[in-house]
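Both complexes below contain chain A, partnered by chain B and then by chain C.
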Partner chain A sequence: MLKIEDLKIYYESKKGLVKAVDGVSIEVGEQETIGLVGESGSGKSTLGFGILKILPKTAQITGRILLDNINLVSKTEKEMQKIRGKEISMIFQDPMTSLNPIMKVKDHFLETIKTHIPDIEEDKALEMTENALKAVGINPNRINEYPFQFSGGMRQRVMIALSLVLNPKLVIADEPTTSLDVIVQAQILEVLKELKEKFQMSMILITHDLGVVAETADKIAVMYAGHVVEFAENEKIYYGAKHPYTKALLESIPNTDIDDLTLKYIPGNPPDLVNPSKGCRFAPRCPFAKDICFEEEPPVFEIDGSKVKCWIYKGDENGDG
Partner chain B sequence: MAMVEVRNLKKHFPVKRTFIDVLLRKPQLYVKAVDGVSFDIEEGEVLGLVGESGSGKTTTGRLILRLIEATEGIVKIAGKDVYTMSKEELRRFRKEIQIIFQDPLAALNPYMKIGEAIMHPLKIHNIGSSDRERKRMVYKMLERVNLTPPDEFYVRYPKELSGGQRQRVVIARALITRPKFVVADEAVAMLDVSIRSQLLKLMLDLKNEFNITMLFITHDLATTKYICDRIAVMYLGKIVEIGTFHHISENPKHPYTQALISAVPEPDPKKKKQKIIPQGEVPNPINPPSGCRFHPRCHKVMDICSKKEPHFVEVEDGHQVSCFLYE
Partner chain C sequence: MSLKQYIITRIILAVPMLFVILTIIFFILRIMPGDPVAAILGGKASIEVINKLRHELGLDKPLWLQYLDYLKNLFKGDFGKSTLTGRPVLSEVMDKFPATVELTLFAFVIAVTIGIFWGAEAARKKDKAVDVSARVFAILLYAIPVFWLGLMMQLIFGSYLRWFPVGGRISAFVDLKPITGLYLIDSLIQGNWEAFIDVLKHLILPGLTLGLVISSIFLRMVRNNAVLMYGQDFVKAARARGIREKDIKYKHALKNALVPIMTMMGLQFALLLGGAVLTETTFSWPGMGSFLVLRIRYRDFPAIQGTVVFFAFIIIVVSIIVDIVNALIDPRIRY
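Moving on to the complex of A and B:
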């Protein structure tokens, strides 16, 4: 349904050109949930925003974003406005800053609906609003309240309802639970899972927490320093991670298993994206790094259905490489 | 004698009244952020204080160090009553009690070189006979927290460091006076997973090396396993359960603790946990629910829960819970 091919997003900054997303290719199937996982600065949010082309003016975007075979990269801003909210919508991390504090909840919905369906009747629009709110577990009689009258978790539910009101094909959720407490996070993840099935949509769930997507995502794309280093089905990532970074990331998550007291971590820090090293970007922190890893950027190898960007798998691939 | 003794600690913040409220003679309201908290921490022990936002865990940490004044209660550290000390006594005593803050960028002065920032407490407390000696101590500390080479890091500014490195600076500054007791307030919460474990390991090593007693405040139960000997779970200003990590994680008794544990997302898709997720969110601490404060969200609620406050009951050796199910 959505196909991203060799997408590059570079920013102009004082220090130089930041290669935030540097040649990413992934696909999102019909009704599929992709977990886009990475640490701060990995480019995961830039990629998410890039799909909707909500980027600063200095951003340069090349490559292809195909939504049902239509390339979004070549669309104008005006054409993008028709797609945002209707075809693809977004759930932001912090609902307090993304909802307008002086607008009633109702008006957020009416604005979105009327932008895309200008001649809709008020009653019909209100009915759509109420249905969307009901779907996320908010009493529709709260539509005349303001965002501040809602708690953090309830605000995030409003955001989710707002992103669904026009029945988009794809929802991009950028760290939708990061600013929430664990119990509220579990509630929201439950809501997202239910809605995905009810509305039959695809979803890209951006998160830094591999735990959050374990139960929700069908496939996982792991990002590191602007690259997708591994892209595979959920269980292949959690039980058979191939890329050394994915393995290290999984090992460094504290689990609640009482007998497992080993504290593993990845030495060093992620690289600077202004002047990334020419080889594999994880090589300086990688325990398996060979000479070639510092010299040449690895291609993507396909191993047992997993796509891995690592030299270790050269020669093992079946298919393209 | 315990290193830290906390007894019936309370902090009620007055709610700001508008002019109209005063005219209408509306009563003064209070946010009962911490409402009767008691515990001990033995020498060399790490107590984890776990709770959601608004549970009062950060306020508790600040009250113990008397960074804010308590409404009521007693805090003794190394046998000394923190609240009967004079300002001058407290200032001198601060050498022994330190805090590690959550956000290193906010906790460090952006115009101060990191070497100077770490040296600052030495100067305040007159430790070391000369600047040269103090500098040597700072170098040693920089090396200890793995900011090497120390002469290079000494002259850098906070903004030139990564998040993990900055948190190392904050740790170095807190520990350079060799405190007996440290409050770590969400010390690793802002860091990425791959960096978080590095810092936890460092804190654990330093704690053992310097024999530090610690209050480790966190919202993340999973990180407490590595560093905490015991855990206290807070909800709406009160401790609801306290025990060893083993007690809390393997045999949680309070329905709130059970919910908190089952809500932790685990990186294991097959481990579909029997989730008990309570409805709604933490209620307003200005007007907390009567009786047990968790009763409106509790799935095991009984008639008595809204009428009386539960007492602490020892369910097994060293494992106490405040819930009518066990009274």
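Moving on to the complex of A and C:
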């Protein structure tokens, strides 16, 4: 359904060209949920926004984003406006600031619906709004209220309803639970999971928290410094991570073992994305790094159905990877 | 709180505010140096004449009695009589007020149009030519004294090009019967096109001068606030829903940016209704500003007091209107 091929998103900055996303290829199947995991600055949000081409004006985007075999990279801004919200929609990180504070909840929906279906009747648009709100568990008689009259969790439900109202093929959720408290996080994830089934759509769930995608995602793509370093099915990540970075990331999840209270972390810092090293970008922090890792960028090897960008697996590959 | 309740509350709250202002005006004018009696009589009158006049003006009464009289008279709509002309102050003020209203409205339309449209576009295209030019324009006009700009306008468009007259509201040879006192409207009502064109020609230079100077403030505020709004998540979220740039600009960025600006615009409007002294003087515009300056020069205390009370009243009315408009734009205010 969505196929991203060798996508590169570079920004101009004062220090130089930031290679925020540097040659990413992933695929999202029909009704599939992909978890896009990485630390801050790994390029995961840039990738998410890049799919909709909502990028700063200085951004350069190359490669291919194929939505049902139509390349979005070559679309004009006007054409993209027709896709945003209708074919692909987005859920934002902070529901407190993502709704226009002086617009009624209803008007957010009506504006979106009427933008994409200009000759729709008012009644029909209202009905769609009410149905979308019902689907996320909000009483439709609140449509005349303003965002500030809703709690954080409820606002995120509104945002979700808003992203679903036109029944898009793909929803990109950018850290949808990060700014919510833990109980509400679980509720929102549950709502997302339920609606994905109900509306039969695909989803890209962007998060820095492996716990968030554990139960929701079918596949997980782990990003590091603008690269997808590992892309595999959910279980294969949690029970058989291949890439040293994925392993380190899993180890750094705090456990509840009373005898082991140390927090594990990955030593070192993420690399500079203006002048990344020519080799593997994780090499300086990698306990398994060999000489070649500093010299040459690793290709993607396919190991047991996992796609891994790491020199360790050279010679082990099977299939056509 | 419903909008209706909010409006009623604002009006009720204005009553004590008005009372406090009236009290302050009364006492400030009594503390001010200068004796009204001496100002009227010129300081060479005999003691009997002075005492007689003091009695007539009620100045021989105790202060608190004068204060009560003052409030009582104001309540009846009696602003006192001018010591310069002997006419009731209120009717003198009402003669001058329409001229000021006309100039203010004209200048405001120019200022708001420039401020909002250019400001919003500058914010959308931050750091592009339209934005840089807006910033230069705003700084330049903010720094230029209004009377200098007025003089230059007179020099260029009045003296050299002879497109517009350099002063007054209407040419002496044009016949116009005042109805509302707003000459543009009066001439329209009467279908008097000759007068309409003449009045418009008189209005353009002072209106443009004042409008341009005020627009610099609006432009900066609208641009800066809208830039902030363009950086907000809800603008990004609206883009992600495919909302058109035009709707994002006006419905999302500008409308949110206007909330703090409305208050400032309202105050500016009220201040201008008090008379743009420099502009009115430069263009011999017979409005409140030049009226007040003249009466201060002649120490016409009742006229000064009446005018200031009138301003206070206008400022209160305008601030109530601004509060209501703000509540209409931003529902958070009325809850």
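Definition applied: the second predicted complex is superposed on the first by the 312 of 321 C-alpha atoms of A that agree within 3 Å, B and C clash if a C-alpha of one lies under 4 Å from a C-alpha of the other, contacts with A are read in each partner's own complex, and residues count from 1 in each chain.
One rule holds in what follows: contacts are C-beta pairs under 8 Å (C-beta built on N, C-alpha and C of every residue); 3 or more make two chains touch, one makes a residue touch a chain.
Computed from a predicted model, the values in this text were never measured in an experiment.
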| item | value |
| --- | --- |
| Joint occupancy of chain A by chain B and chain C, clash or fit | fit |
| First, second, both or neither for A:Asp94, with chain B first and chain C second | second |
| Which of chain B and chain C A:Thr112 touches, first, second, both or neither | second |
| First (chain B), second (chain C), both or neither touched by A:Phe148 | second |
| Touch count on chain A, higher of chain B and chain C | B |
| Partner chain in contact with A:Gly305 - chain B first, chain C second, else both or neither | neither |
| Partner chain(s) touched by A:Gly29 [first = chain B, second = chain C, both, neither] | neither |
| Partner chain in contact with A:Asn269 - chain B first, chain C second, else both or neither | first |
| Contacts of A:Gly16 with chain B and chain C, given as first, second, both or neither | neither |
| Per-pair minimum CA distance [chain C against chain B, superposed on A] in Å | 7 |
| Shared contact residues on chain A - chain B and chain C | none |
| Residue ranges of chain C in contact with chain A within the complex | 232-234, 236-244, 247, 251-252, 255-256, 259, 329-332, 335 |
| For the chain B and chain A complex, residues of the former touching the latter | 52-53, 162-165, 192-198, 200-201, 204, 219-223, 225-226, 245-246, 249-250, 259-270, 272, 275, 277-278, 281-282 |
| Chain C contact footprint on chain A (complex, rising order) | 52, 54, 80-86, 89-90, 92-94, 97-103, 111-112, 115-116, 146, 148-149, 159, 162-163 |
| Residue numbers on chain A that touch chain B, as the complex places them | 39-40, 151-154, 181-187, 189-190, 208-212, 214-215, 234-235, 238, 248-250, 252-256, 258, 261, 263-267, 269 |
